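A short worksheet on the structure shown next.
Chain nomenclature is as follows: A, B and C, assigned in order of appearance, with residue numbering initiated at 1 for each chain independently.
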Amino acid sequence: MESRVLKPVLAVYVGLFILFLYGPFIVLGILSFQQGPEGGPQFPIIEWSTYWYRHIFGLTPPSRVAPLPFGQSLIRSLTLAFMTMVTSTVLGVMSAQAFRSKFKGSGVVFYLIVLGMMVPGVLTGLGTALTANSLGIERHWWSTAYVTHVVYTFPFAFLVMLAILNRFDSSVEEASWSLGVPPMRTFRKVTFPLIFPGVLSAMLFAFTLSYDEFSRTLFASGRDQTLPLAIYGTFAVEIHPNIFAFGVLTTLFSFSLLTVYAILMTMSVRRAGKAAIQEDIA
Amino acid sequence: MAEHTDTAESAKNRTAYWLIAPGALWMTLFLAVPILMIVYVSFWTQTTFKIEPILTLASWKQFFASETYIGSLFTTIRLWLIVLAATFLLGYPTALFVGLFVKSKTISTVLLVICVIPFWTSFLIRVLAWRPMLGKEGAINIILQKLGLISSPIEALLFSEISVVIGMTQIYVVFMVGPIAFMLSRIDRNIIEAARDLGASFWRIFFKIILPLSLPGVIVGAIFVSVMVLGEFATAAALSGRKVNLLGNIIVTQVGSLKWALASVVGVILTVIMGLVIAGFLRVVDLKKEL
Amino acid sequence: MAETISNISLAGIVKRYGDVTALDGVSLVLDKNEYVSLLGPSGSGKTSLLRVIAGFERPDAGTVTVFGRDVTNLAPHKRGIGFVFQNFALFPHLSVYQNVAFGLVNADTPPPADEVRRRVTEMIRLVGLTGLEGRDIGQISGGQRQRVALARTLVTEPRLILLDEPLGALDANLRMRMRDELRNIRERLGVTFLHVTGSETEALAMGDRVVVLDRGAIAQFATPDTIMNSPANPNVARFLNRYNVLLGELRGDAFVTAYGDLAYGKRIESSDGAYGIRYDRIAVVGETAPSAGVEVPVTFVASEYLGSAVMYFFEAADGHILEVEHHLGKGRMPEYRSREKYKLQWKPEDAIVFG
């Protein structure tokens, strides 16, 4: 009885909840079309324009608003995210594979790995900085920040792979061995193509987490900033709608990444099969 | 008859050890060592520009003697409790709808995806997006004024503790919704039907069946939210106008002025709090048994 | 002189999983080209034994010797032993053709491409899958999958093939056809088969010899005929699902049970005392019919129609259920009335006694 009333009430609530999640973006998106360069980061919209988008790409005449110093840091962030993605996916697959046999000490190792995603970034960042300092190692985004990023993303890749391998029917591997195919080749030809969707998810996780990582990077990287650090730097100074326009663009970038992932995901199994034939025929 | 008990298991184990070695080594060197380093450095001697490995309690005494630092400790705990409560209260109805009330699996997946999508945008941009929302000339004030609910804009919305709470709640509430919705979706609908047939009211069913069965989800969500909120500093930095200083903010300022020892003290305190919180939650529910 | 040791031998195989002993000193010699059925109830260690032979599990003790070579510590892929799984374990990301070609293409030293093509095509023809080469595994039927699993193994020409209840997942009709096909293939290719099955019919019909496994040990290893007519102990008789096994005690010439002393024809040495009479050697007569041979008074409980035969269930005085099989070839099926009293009769020489 009451649930018949409750359901529509909850549905309306969920609508408001989603509005709460998305509201700031909507406002941000609207304000990114503010007139420039005089228009500020608030309502009302003086006049709709794409000024601030052009401003990001340096297509506007020089004004009192300095262009965002994002060019170099964007490249650094993408490179770092790629390095992190590859390393943590490889480590994740290897570790999850190891966990398929219950080896001694597996409990301790499990918690050690999962700790990497639980410990707040401020702490791992601080610890890495302290360790690097006392060893006299200079901090860089490609060294200290990189290893700290992997500490963060590797547990995600590990857990994704563990979930996939838990459901994996190991008799197909045994079948391959019994056909005379050595274990390494079995892994490449049977196991890997079958767990590939999981690998793809692990890669997506690692890439996006690293690309957006901020609190660890703050202490662990050196002079050269990554993109989130550069954005954080703008917090302290006056904000202009160009940062909003930039926010819209990075969001679009993330969504295109998601789309690519979704497409790869749907094709992966089929493609893995096709690739196997082509390699065999060649 | 050859006995080869050890070869049977040890061969399997050897492969496992080779596979796990790189990951375990990585986590030991780049996670365990740095954390221990924080504990170690918190006892080092700090002078204005230098820090030396001479053990002392000076930084610890400094922390507990300072009203500012003790104050930030309480702010952190207060904010954590408020955000925890807010994410639970706001998130639970959504989880209830997604996990229990929506009958179609597709719709509930779509709703969850909609909740997760904001995560694929930059964390900092998401924090920043609250500024034009909450500001004096922000969207909320404009809407409230248009509706005639207020005559003059509420200034306290931005650059205050409220804005930090709102920002954090929006960012972390999904971590509450996900686990709870997952646990709710596993509840056998027949139990609820049976209870209803016996004439139990919705609220009775809710408190006697639904809430207890979703408790593991609440605990997992609470652990996620707690870990993230306790380690926060960026939201406070961006939305409080330096009015809210969390332990995380103290660490950032201290590192900024090269006071590594004091930063480490705060780091250790943060770690201890977090350990206690997680241990406390795990005491409520045995996750291994529930999941 | 390796050829003189043309067999597969297991010596004292022990396999434990924690506190559970799955295999407790199994020794067995299979001849070349032999088809051996491995029969046993679930939990008797059938699958463990197969997995030890294949090398998926290492035994805690004992040796596995294949054609004179000790393979106990050899990795599975170096053993040259084929394995057909209960769930077939086909490669879901590959087509029918790729599944069959997999072992050849990925061998340490693969044969030349045209030979691979010839052998795979020939094997697909042999198992009757011509025309389905390009299909995905998800697009073929259960029976076809089973044949892909078999073809995939046969094409690599192993000397020993282990079959782990591969027919269990099929329906009765298909199972019968696959049984014939397996026999044909074996006669053409000449390989040793060790076929695990939970079905006594299958075990007896297909095996040149049958191994009966009970609680991790071999209870009997003999020809189907011997096993059928002289089960080694009461448990074997039970697994065969052909014998009513009555409990009691052997005293001199008679077997003493709750229904009186029963006469018997053959005695088999065994530590457990039991009396066995085959389902199809029992006659059902009315309560008042004249006595003949061995006799047990019973009450009719139920019957079950099996297609070629009917099973009748009778309850003896102590609650023990006795089964009687009536082949429909022997005339029309008799009808009995529920809860009515009858007598079961059989000739003493048809009964065996253990003790």
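Just so we're on the same page, contacts are C-beta pairs under 8 Å (C-beta built on N, C-alpha and C of every residue); 3 or more make two chains touch, one makes a residue touch a chain.
Predicted model, so just to flag it, every value in this text is computed and none were measured.
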So the chain most remote from chain A by C-alpha centre is C
Busiest chain-chain interface by contact pairs, anyone?
-> A-B
Express in whole angstrom the distance between the two chain centres, defined as the mean CA positions of chain A and chain C.
-> 55
Taking each chain's centre as the mean position of its Cα atoms, how many Å separate chain B from chain C?
-> 58
So what's the Cα centroid distance for chain A and chain B, whole Å?
-> 18
Would you mind writing out the residues of chain A in touch with chain B in their complex?
-> 1-3, 6-7, 10-11, 13-14, 17-18, 20-25, 27-28, 31, 41-43, 91-92, 94-95, 97-101, 103-104, 106, 109, 112-113, 115-116, 118-124, 126-131, 133-134, 147-148, 150-151, 154, 158, 208, 212, 214-215, 218-219, 227-228, 231-232, 235, 239, 243-244, 246-247, 250-251, 254-255, 257-258
Partner chain A, residues of chain B touching it in the complex = 12-13, 15-20, 22-24, 26-38, 41, 53, 90, 93-94, 96-98, 101, 111, 114-115, 118, 120-126, 128-133, 135, 137-139, 142, 170, 173-174, 201-203, 227-228, 230-234, 237-238, 248, 251-252, 255, 260, 263-264, 267, 270-271, 274, 278
Contact set on chain A toward chain C in their complex | 169, 171-172, 174-183, 185-186, 189-190, 193-194, 269, 272-273, 276-277, 280-281
Chain A-touching residues of chain C, taken from the complex the two chains share | 54-56, 75-83, 85, 87, 89-95, 98, 101-103, 105-108, 113, 136, 149, 152-153, 156, 158
